[in-house]
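Pasting the structures in now, so scroll down.
Shared chain: chain A. Partners: chain B in the first complex, chain C in the second.
Moving on, here comes the complex of A and B:
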């Protein structure tokens, strides 16, 4: 009989609960009730721990539930025993399942293979990393070609580098950094994926490989801090890289810009007349407690009327893209779950928002798809905070 | 069952393909390589056969491109032996006849009952490598196979689909070479930690071959990207202008009177 306590692969989890016996879960069920996909799971979080403790580890490793967690972190943040379900337990179980030869859903396998082979989740050529900058009208420092000391090493990351909808935001951010007089540089074609907020949805070996490669790469360059638009990369660098001895000062763009509001405010001259609601993403929100800075940026834009959704800040509903969810929609729907982004855009529309503002690169395409599903196309625009800032600074592209 | 699996490197089409200075070949320096898809299926089929009936898998590859990554992955998936054939020309992938001669020499030593190889490759759609290999080994060949099951008394059952959705089930007496189109299930995912462990623990067996390399009868004169024969006319202007021009075009082409 294999239990969480006796399974050799699970020992390390016990060490994470300070002073408590291994997995001091009291079966209160807060996690299962909080989980936005719990109702569709064969084993919601509480059941998962119960079954594992009861010697049924094999059952949960082969259950579709294992691949239905979207890493929203609501269970972890509400657990009265402080059990880290989303970032530790779930990825460890997924890793264990894969070690046993249990296959992850096909879409996710492809993503893992893309990251392993190409260094990005989209399966694009490394040579196209800088394609986003082809239409850029401010100077770009490619540190892979001309190494020089910079204030900000900007890790552009996968979606902002490759995905056409995100590339608009990426160019806007380059213009904003330049307008603020920041000395910034990028790693060009040498940049590779960073990983994710829950390491890599359970692909621990791949995450370790990325950390090792990135550490070698970052250590070749001189910079004061890393800044990224990708909340998932931010969380990986801030929380998990230090566990592997790779510590770098890192900021998400929302805190970086909020710290420079005095410089930014005089540049925000053009009104952006819109009722805006902000979606707190799970990586910088619930996990890192960054709730105020994105709102400070939005409120600084003349013309913006900020309204709140009923579920906001630490209670925000996830977009469904984390924990590998970006590549698990098919699996989740097949097993009775719903796309959370479809629910979230309706919540934004309910409070009269014309713009759903986001600060995570996965959300633009997720929410824009969902506005079409929910019949909100052209009624609710999905825009990154960067786009709204750039528009007010009269730097933005006329994409919308 | 002792199974040999042949894997090849093919250009990765994620990268833009460049023609070299000669104008008659791919610029290999600008190409990334990956495992040929049907060879990946051949490996998966071998793993399934081993899982159902035991035996041993030897993976054979010519040392070209980024073949080591493919071989470590094969070891992580469960291949027992890896045989790598040295190949000196970094600028030119081996031609099928050349590859067949080299691989045949390496496979002869393995004493395999079943040789599995992808039935074609995207840089070799004719699919001649597998039958040429069978010819060199003096073994029977059956190609475009979509699944293999263990059979009775030194045989396997092979499945092949014919036009019109007719499926043939064939008893193949071993030894034989099978050209695999698809395995019984998609190639499996193996976690990267297992590949990294295989990188530390796997030893490749190097097999020098002195196979007589036939001179090619065909010479590539020119390799080039497709040249467009005509271009689309993009209609610009106001909605009325675009509509007027569209109506004109439809008239010019005789679509409307």
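Moving on, here comes the complex of A and C:
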């Protein structure tokens, strides 16, 4: 068989993993016009394919726009030819750029270094992994110290472990699990980043290393399923890990709890009087199709009035934190892009929400920051669904 | 062990099929192999066996070498079995003493491994030689055809087919599900590319259907079941209660005026819900038959059992209103059936980023067809929801078409109807118009010229599929109709936000929601796109796999009105060719029950998918009705007494075939 893929661009387009071959692109521009940052990109998604197949691979690799995709998956989900831009094309391009010695934006590089050195994106010490549990008032099973079979291996993940605003939610989840009688355990300071975002950034090598280490770690333990609060970790374990031969039953907390709604409902006694809107994050939403369960949880809380933003479910606007976006804000703004979280909080306020409910750990701080930018600081509260559940169960922390 | 006394003489013919077969299989070696098989007196290879000289080879050999059996190793029997049977018959041989070995589709086309291919081809040829040795001459039976055609679906396809058949003096039953015939074409104001007024060209045809004595028109009716086979289909049709007697009604419409609902209150389905109707209504003024229908879901008498019944009063002595009417079921015997059930339009609300159903001034193309129609709900006046005239209109092509998330196929007519709508909207409103397209597909007579005409009218064409449509940010709180259409202008290389106040979504044409049910009822299949599958994409585009069932119009695949009418005429001609002959020859390949061996258990009667087995109460045995039997073999396998034989699939034939495939062609050493 002869190959026509002699040009590096063509060769590149030929090696797709998910979705349909990029050769089938009809240059319709749906992707570019759907991309929340497309207008600011020198080479929006459509142009990646156009330029790659026209012999201009080097141009796209060296453009700042290579580092502007936030992995929201809007382009892929609408592409009429089923081409997987977000999960495949962008990360592969970034990987290639780095192989060719092109440096990613500094903030992102630092994050790579953190994960490489410390095993977490925040550059915190592994010894502090369990700091969140210091004030915990329910028993915690640290499987790294006392290995035992559990129903749920809870991967706490980076933000929920270290970030003060997230630690509140983390403790609430521990209380909820305990209240539901779930036998759960954590990996203590042995836990390391799962690494979805790294794959999306395009650090394929780093991602592979994380998968390998985590596989070794998980295989030492006995559990029925992994549960995580981190939507990116969920996505990585559910979708990317199996590619490397690491397959584990995994659930995001929203589906895990929604499945136990019968047990949960009687515990939801205290009304939480608020008009709430839910932000569908891209990892469990557009990517994994989990739209109903988060809403089921919210609707089960007495007092909650659920309203929808104009853009919801598969059409939701991204918070801008995915695909490395969390560490690309500076770069994106510098090159003419807008912070999507700023737009999103306004959309929430427009429909009269008092609470913006989220289910992704990156979003708490992102959106809280944006409420300040948008002047909505005291009008719109950002809360994880877990916090609202805990409050209604009268388990919530009394701080604030 | 052979079934005949005389030693048989078999001729084997290997076809090269141009190079289709010979480029993979060593045809010479295959012929040599065939010569060594039992009873084979000669084996030849030839470039095109199906050609005249190829067939002549067979005929000559039958005469000269007294061949009494023939094997042709070539393509699928679906293609040419009939050809070679006929050649043998012309040379005086019973056609059922011919057997084909499929070495093209089943061998040459599925591998490029030559040695493996030769081996497999040998197995096929050996199997065929062994089998044909067990064949017995069979006689075809002929049955009379009922000279009547049923047409299902009264769109332009069904109408055209019905009129064509009636013109040839054939009896037609036209079954339409809705209260009026006309289909989609009757909803349009003008038709591309000539901008003929749809009503002007369609209404006369609709009326002709009603007035034509040869056509029995059954509107508001649906086929319930189909039994029997080609030539004698038995079709049951349910006529839904219309509550107005079609024979007594004179079409004065006074009942509608008199209805206790002073004002129309319920959405008119025909107008895409853009206008209201009363419980008693005609879907549109030119409806055929021009007889009102009462909607049992909204009529007070029919829902609550309590109403003044002012309609009955208004009808007076004509007594056409029959509120007690019930559904009736009638059975018809027909020789052929034409399925012309058309399409439905794609519902764009599943693409939330286009705002359909949320943003008030986002419409589907079909809705706009109604709104620009002089006989439509607004009398042809095109306005936005607030009554103002649109100033900037975006037409989004390929909504639901050419999109793997919905329909991978191109709907073929949308580019053209979008041009038509651009022209009509421009004419009516002088709005600025933007067509957002991926590719302009205007191949057809006069189509490119029409495109050019619309370009010259000043309509904008932007190459890019729309990403999303949002309401435009409002100007200091002022309510506004403005929306932004976000599109990658791929020619400009720029992402643009174009402000418009009306959006028209050029929605796909898709199969009717009940295709599966209809497909099963008429014994058809669907292709990957969901439309009904024709027998052959090039050579039998109006036939289906079920003999005597033909296709016309969009139900077979997307097409415009000219193509629909052409196909409908073709379907009518095919149906006519069938019924005009007066009889059909049935394949003798049926099942036969040995009455001696039959215990009368009736297992077969219940299993036969074609209801082709009857029970003789007197003799207490089952019997196959040859006209209905398709030779599927279900009963043969099921009979506990082994009393049933497939006459062209006897045990002896099948075992011989297996023996040939397994032993004669086995590679050395096995």
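For the reader, a short list of remarks on this structure follows.
Operating definition for what follows: the second predicted complex is superposed on the first by the 374 of 400 C-alpha atoms of A that agree within 3 Å, B and C clash if a C-alpha of one lies under 4 Å from a C-alpha of the other, contacts with A are read in each partner's own complex, and residues count from 1 in each chain.
In the analysis below, a contact is a pair of C-beta atoms (placed from the backbone, for glycine too) under 8 Å apart; a residue touches a chain by one contact, two chains touch by 3 or more.
Note that this is a predicted model, so its numbers are computed, not measured.
Once both complexes are superposed on chain A, the partners chain B and chain C fit side by side without clashing.
In the superposed pair of complexes, A:314 makes contact with chain C only, with no contact to chain B. By the touch criterion stated above, A:59 is placed in contact with neither chain B nor chain C.
Shared-chain residue A:225: touches no atom of chain B or chain C.
Of the two partner chains, neither chain B nor chain C is touched by A:305. Residue contacts after overlaying the shared chain place A:38 against chain C, while chain B stays out of touching range.
In the superposition on chain A, contact is made by A:113 with chain B only, not with chain C. When both complexes are overlaid on chain A, the residue A:127 reaches chain B alone and has no touch with chain C.
Between the C-alpha centres of chain B and chain C, as viewed from that of chain A after superposition on chain A, lies an angle of 140 degrees, to the nearest 10. By the touch criterion stated above, A:205 is placed in contact with chain B alone, chain C being left untouched.
Here's the short version: in the overlay, chain B gets within 33 Å of chain C at its closest Cα pair. Taken together, the two complexes place no residue of chain A in contact with both chain B and chain C.
Interface residues of chain C facing chain A in the complex, by the touch rule stated above, are 352-353, 358, 398, 402-405, 438-439, 464-468, 470-471, 486-490, 493, 495.
The touching residues of chain B, counted against chain A in their complex, run 14-16, 32, 34, 186, 188-189, 191-196.
Per the touch definition, chain A reaches chain C in the complex via residues 20, 26-35, 38-39, 44, 46-47, 77-78, 80-82, 310-315. By the touch criterion stated above, chain A contacts chain B in their complex at residues 95, 98-99, 101, 103-104, 106, 109, 112-113, 116-118, 123-125, 127, 203-206, 208-209.
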